[in-house]
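Across the two complexes that follow, chain A remains constant while its partner is chain B and subsequently chain C.
And then the complex of A and B:
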C-alpha cells in the first residue's frame, strides 16, 4: 500500500505513461487506421457490427482473464464453448425449450470449469500446470462434443422469427441498434470488474495470483479461490456457447478450434498480466476491440485466413514482449 | 524378490508394454499377427521420432507445442520440392534445415527473451501452420516419389518398417549423447536446477536454445518419416501431434519438471501408448471417443506427475 502511494506521488514521465498504456495507444492507432482505410468507419452500423463480431471472442477473453488473474491458464475455453453450443442446440431440439438448452450449456461450462479448478487445486498448479491440464480437458471436451453431434454440424430447429427469443439474443438489437449479445457481454464484464476491484473475494484473487505463498500465509484458501475462478471462467464459456448458438443457429465440434488462442490474445494485448496479480475487465474490453479491429482490417484488405494466422501470432508475440517490458 | 522389486520400480513401463501386448494377443487372435505388429511399429515411428526431440525439451524443463506445425511445414516443403522435380537429397536437406531453423526461432524467444514457453510455442504453432497453409495454398500436396516408395516397401521379417528401425537407431544415438557426452550431462543439469547451472558457468540459455533446435530437427525427420507412408502433406498435418506425443514422453518416465528421464524411456512410452491406441481400435471404441480416451490418459499422466511433484507444498 505504501509503495503504491509513493508511486502515485512520483511525477510520471511521458515515457512511463506510454509504457503503461500501450494497450490504449494500440487501440487508438487501429481506430485511426480503420478510419483511413474504411468508408463510414464511424457510422453506428459499422461500430455495432465490430462490437457484434468481437462478442464471442470477448466472452472467451473474460473467461481466460479470470484464470490469468489467479496465475492460471485455460486452453480449454474454446472447446468448452463448442461442447456448450452443441448441447444447447441439441437439448433445445429434443425438449423444445430454449431455457433448458441454455441451462444445459451453462451447466456444461460450469462442470468443465469445476473440473479444471479442482485439478488445479490438487496439483497446486500455476500457469504451466494450468496450460497442460486444460490442454487435456479441452481435448476431452471436444471429443464429447464430437460424440454428441456425431461429427457433423447440428442445426437449430425452425421457429417463427417473432417467437424466437434465443435468436434475438445473438442477432437482435436493442436500445437504438445496440447488439443484444454485446450488451450481455458488457454487463457481465461490469459485474466481474466490480467483483474483482471492490469485493474481498476479488482482492483474494489478485493476491493469490500475484504471490500464492504470501496469500496462503495471510490466511487465504488459495485452492478455493482458484476453484471458484475456474468455475466462473467455465460459466463464461457457457454464456459464450449460448451466444454462439444463437448467433450462428448451428454448431459443430470444431466451433471452438482457435477459440483458446483468440481469448488469450484478446486478454493479453489488452494488458492483463501473464502471471497473474493485476488486470481486469477494462483491459479485456480494450484487447477484444483491438483484436476485432485487427481482424476486421485484415479482412477488408482481402488477406487470406492463413496469413491472418501469421499476423495474429506476431501480434501476440509483440504483446507478451510488451508485458515483459512493463514488468522490468 | 529383490530382482522383482527392482524390475517393478525401474522397468515398470517396459514390463507394462510387454504384459499389455501379451494380454491383447491372448484376447484377440489377430493382435499379434504380422500385419498388426507392422501397423503398430509403423504408427509408432513418426510420432516416436518427434517424441525423441520432445524428450530434450522436457529434460531442460521447457515445453513445446509448436512441433506439430513444424512437422506439417517441413513435410509440405519436402513434398513441394519433390513435386517441383528437385532431387531427393536436396529436398531432404532443405526440410531438415528448415525444421532446425523453426526450432531455433521458437527457442530464441524462449531462451533469449525468457518468455513463457507455453505462450511462445502456442503462438509459433499458429505462425508455422499459417506459413504452411500459405505456401501450399491450403491444398494438400501429394506425390508418389520413388525414393519415398522405396523406403515404404522395405520391411524386415515382413513386419518391421525401415522408419521404425531408423527411430530405434536415432533413439540409441541420442541416448548415447545424453549419457556419455558433456553436452548431455549439462543438459540434465540445466533442467534439474537452472540457477545451479548458471552459477557453475554453464550458459543455460544456449542449452535451452539448442534443445529447441534439436526438437525442430527431429520434428522435420518425423515429417519425412510420415511422408514415407502417406505421400501427402498439408498444413493441417499432425495437428494433434502434441496431444499424442506429450503423453508418450511423460508415460515413459521423463519428468515435466526437467532434469529427469531419457530417450530409451521415451521409446518404451511410445511403444506402450501405441499398443494402447491400437487396442482401442481393435476393441472398436467409437472413433469420436478415441480422442477422449487420449485426453484422459494425458490428463491422468500430467495430474499424477504434478501431484507427486507438489504434494508436500501447502499451496
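And then the complex of A and C:
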C-alpha cells in the first residue's frame, strides 16, 4: 500500500467520532439542559408534548430533506403548507367532508412538488437553481393562499369533539397518550427512510445528489429522480398542512412563513448534507427534536423572539460549518 | 532541500530527503503514485509544512510558509488538476490577483495584450478574452503554463503537464522549456512518460516510498533501469501479450452525424477485439464515442448491436445493450468520490443487489468483494471512500462497475492517464482478459505506444472523421501519424 493512500485511510479516532456525531451529542446536551431546567422533563406527558410541538416542523424537515438529498433545495415548503392548510379548512367547510379537505391539501402539495420538480428537471439545476426556483414558486403558493382566504384567517367550522376525527389527527392521542400527529410523522419517516436506504430509487436519489454527471453516465434518469423527489417533498408539505389545520383549527396565508427555514435547520442540524448524497430520516428526527428543545428552552428562559431567532440562526450556521468540517 | 521529512497521521511521506537542482537544469522527478513526489514539491511550493530539514535557495536558507512566499522566491508549480476559473477569461486567469497596481483601475487592453504575448510564446493561438470554460482540457493546460510564465519564476515545477497534450503541443512545450533553460530557469518535470523524460530532461531523480533512490544523467541510464528503481523489482515488458480470437460483429455504427459537423462516421467492432482509436487531442475521438453512448445529441445515426438495429438516446439505453463508457475524467464522471468503493461498484446495476423489492447490503458486500478480488483493487476495505484510492485503483473500480452491469462492449477513454507504471500494466492485463473472454474494447488513447501495442485494429481520427483504418502490419507509429496530422 503506498504512502498517499495510507495517509488518507487512517482509522477513526475519537476526534473523528465526535465530528461525525455532533448531531446526537447536541441533542443529548439539550436533553440534559432540559432535564435540569424543567420539572418532570422525562415524564411521559412532557415528552409527548415535545413530540407534538416538533411534528409540524419535523414534517417540513422531511420535505426539505427529500430535496436536499438530490442536491436541491426547497424554499417553498412553508408556503405550500400554508396553501394546503387553507385549502383543507376551506374545502372541509364548503363540502362538509374532512376527507375532501385532506385530499385537496395533499393534492395541492403534490402539484407544487411536481411543479418544482419539473422546473428543476428542465433547468437541470442544482441547489442554486433550486433555491431561486422554489423561492418563486413559494411566493406563488403564498399568493394563492392569500387569494383563497381573502387575506384573512380561515377558521374551521365547529364540530363536536367526538365526531371530529380530523381534529383527532392533529390534537389527539393514541396508544396511551402518544400524540397522533407525531405517530403520522414517525410513520412517514420510517417509510421514507426505507425508501432511501433500501430501494433502488433511494440509491438513485443519493447517486443523483452526490454526482449527477456520474449518475447520468451510469444510466440513471437524474431528471426523473429529482422530479419524483420534489413531488414527494410537496406531498409531505401537504401532510404538514393537514396536521396544521387539524391542530390549530385555523390557517392563513402567513401560516408558512419561516417554515422553509425551520425545515432546513432541523434537517441540517440533524446531520443531513447540504449538497446531497448523504443523510436520511434519522437525522431529521434528531434535528427536529434538537431544534424543538432549543426553542422550548429559550421560551422557558423567557427570551424574546428576536433573541430566539438569533440563536436559531447561529445554530444553523454551526450546523453548516460542521457539515463542511465533516467533508474534509 | 536537505534532510526533509514529513509525516502525516499514520505514514511517513518523506524520510530525510535531499534534493537539489542547478540553475537552468531540466530535472525529471519520477516514482510510482505515493512515492512522495507530490509531497516533496508541495513542501517546496509552500502548500505543506515540512516537519524537519531545510530549504536553501542560492545557498541561503529560506522559510517557505505558503505559496505566495514560494512565488516571491521564484518558485511556481503547475498542478495536474487545473487551477483555473471557468467563468473568467484567459487573461483574467493568467493575471488573477495581479490585474492592476493597488488603487488603480485595470487596464484591460494592456492585460489582454500581455496575455496574448504569453500565449504566442507557447504557440497557443487564442483570443485572451475567451472564457476558460470554453477551452478543452489540453488548452486549459496551456493557460496554466502561460500563468506560470507570467510570474517570472526561477524554478518551475510541472506536475504531469503532458497528460493531455498532443504531439505538436508537447513539442511546443519542450521548446518553451528549452527557452526557460537558456534564461537560467530550472524546470522540475514530474511525469510517468518515459519517452518525454528521455527527450527533454537532462537528469532524473527517482523516488520510492518517501525516499530518494538516486539521481542519474538521462544520457547514461535506460528506461528499464529507471522503472526498476521506481518499483524496486524487475519489470518485464510493459505491455502484456495475448492471442487474439476475434469473432463476429457486435457493434456497427453507420453514418453518425453530429450537430454542426459535416462528416459522418461509420465503423464496426467484433467480439474479442481491441479497437484502438488514435488521433491528435481535439480530433473528436471522445465526441464520437459520447455520441454512440447517447450522451450527446446527434443529428442521425444507425447503430446495430449484434446485427439488430437499436436506438440509443441516452446512457441508460446504451447500458441496456451492453455498452459501457469509461470516461476520460474518472474522478468527476466515472465515480462518485464521496461514496464507498462498494457503492460505486454496484452503481450501474442497482437491480444486481436486490433481494426482492429491497436492496441488500449483504449482496452489495458480496459483489464488491468479488470484484475487489477478481480485478485486484487495492483498498483496505470495501467501505473505503472511492476518492481515497489511487488513480489506478479508482480506474479498476470504474471497470468493475461496468462489468457488474454486464457490459460486453467497453469504450475506454484514456484509461491509463495519470496512472503509474505498475498499475498501468494491470489495466492492460484487464483489457486483455476482457478481450479473451469475448468482450470487446474500444480503446481511445493519446499514448501512441499504448494504442499500438494493445490494439488489434486501429482507427485514426482526424477532424471528426475516420481518416484511416489500420490492421496487421500497418499498425505503426508512422502510419498513424501520417493520417492523424
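One rule holds for everything that comes next: the second predicted complex is superposed on the first by the 317 of 328 C-alpha atoms of A that agree within 3 Å, B and C clash if a C-alpha of one lies under 4 Å from a C-alpha of the other, contacts with A are read in each partner's own complex, and residues count from 1 in each chain.
Just so we're on the same page, a contact is a pair of C-beta atoms (placed from the backbone, for glycine too) under 8 Å apart; a residue touches a chain by one contact, two chains touch by 3 or more.
Predicted model, so just to flag it, every value in this text is computed and none were measured.
For chain A, the partner with contacts to more residues, out of chain B and chain C, is B.
By the touch criterion stated above, A:316 is placed in contact with chain B alone, chain C being left untouched. In the superposition on chain A, A:203 makes contact with chain C only, not with chain B.
Shared-chain residue A:177: touches no atom of chain B or chain C. By the touch criterion defined above, A:216 lies against chain B and chain C together after alignment on the C-alpha atoms of chain A.
Touch criterion met: A:277 reaches chain C, while chain B stays clear of it.
Once the two complexes are overlaid on chain A, the chain A residues touched by chain B in the first and by chain C in the second are 213, 215-216. Note for the complex: chain A touches chain B at residues 73, 75, 119, 122-125, 127-129, 131-133, 135-140, 142-144, 146-147, 150-151, 208, 212-213, 215-216, 222-223, 253, 261, 264, 268, 274-275, 304-310, 312-314, 316-317, 320-321, 324.
Those residues of chain C lying in contact with chain A across their complex are 8-13, 32-36, 38-39, 209-210, 295, 314-316, 318-320, 325, 327, 332-339, 343, 347-348, 350-351, 354, 357-359, 378, 380, 384, 388-390, 393, 401, 405.
Listing the residues of chain B that touch chain A in their complex gives 63, 65, 109, 113-116, 118-120, 122-124, 126-127, 129-131, 133-134, 138, 235, 242-243, 246, 256, 286-292, 294-296, 298-299, 302-303, 306-307, 310, 313-315.
Residues of chain A touching chain C in their complex: 1-10, 194, 197-200, 202-204, 206-207, 210-211, 213-221, 277-278.
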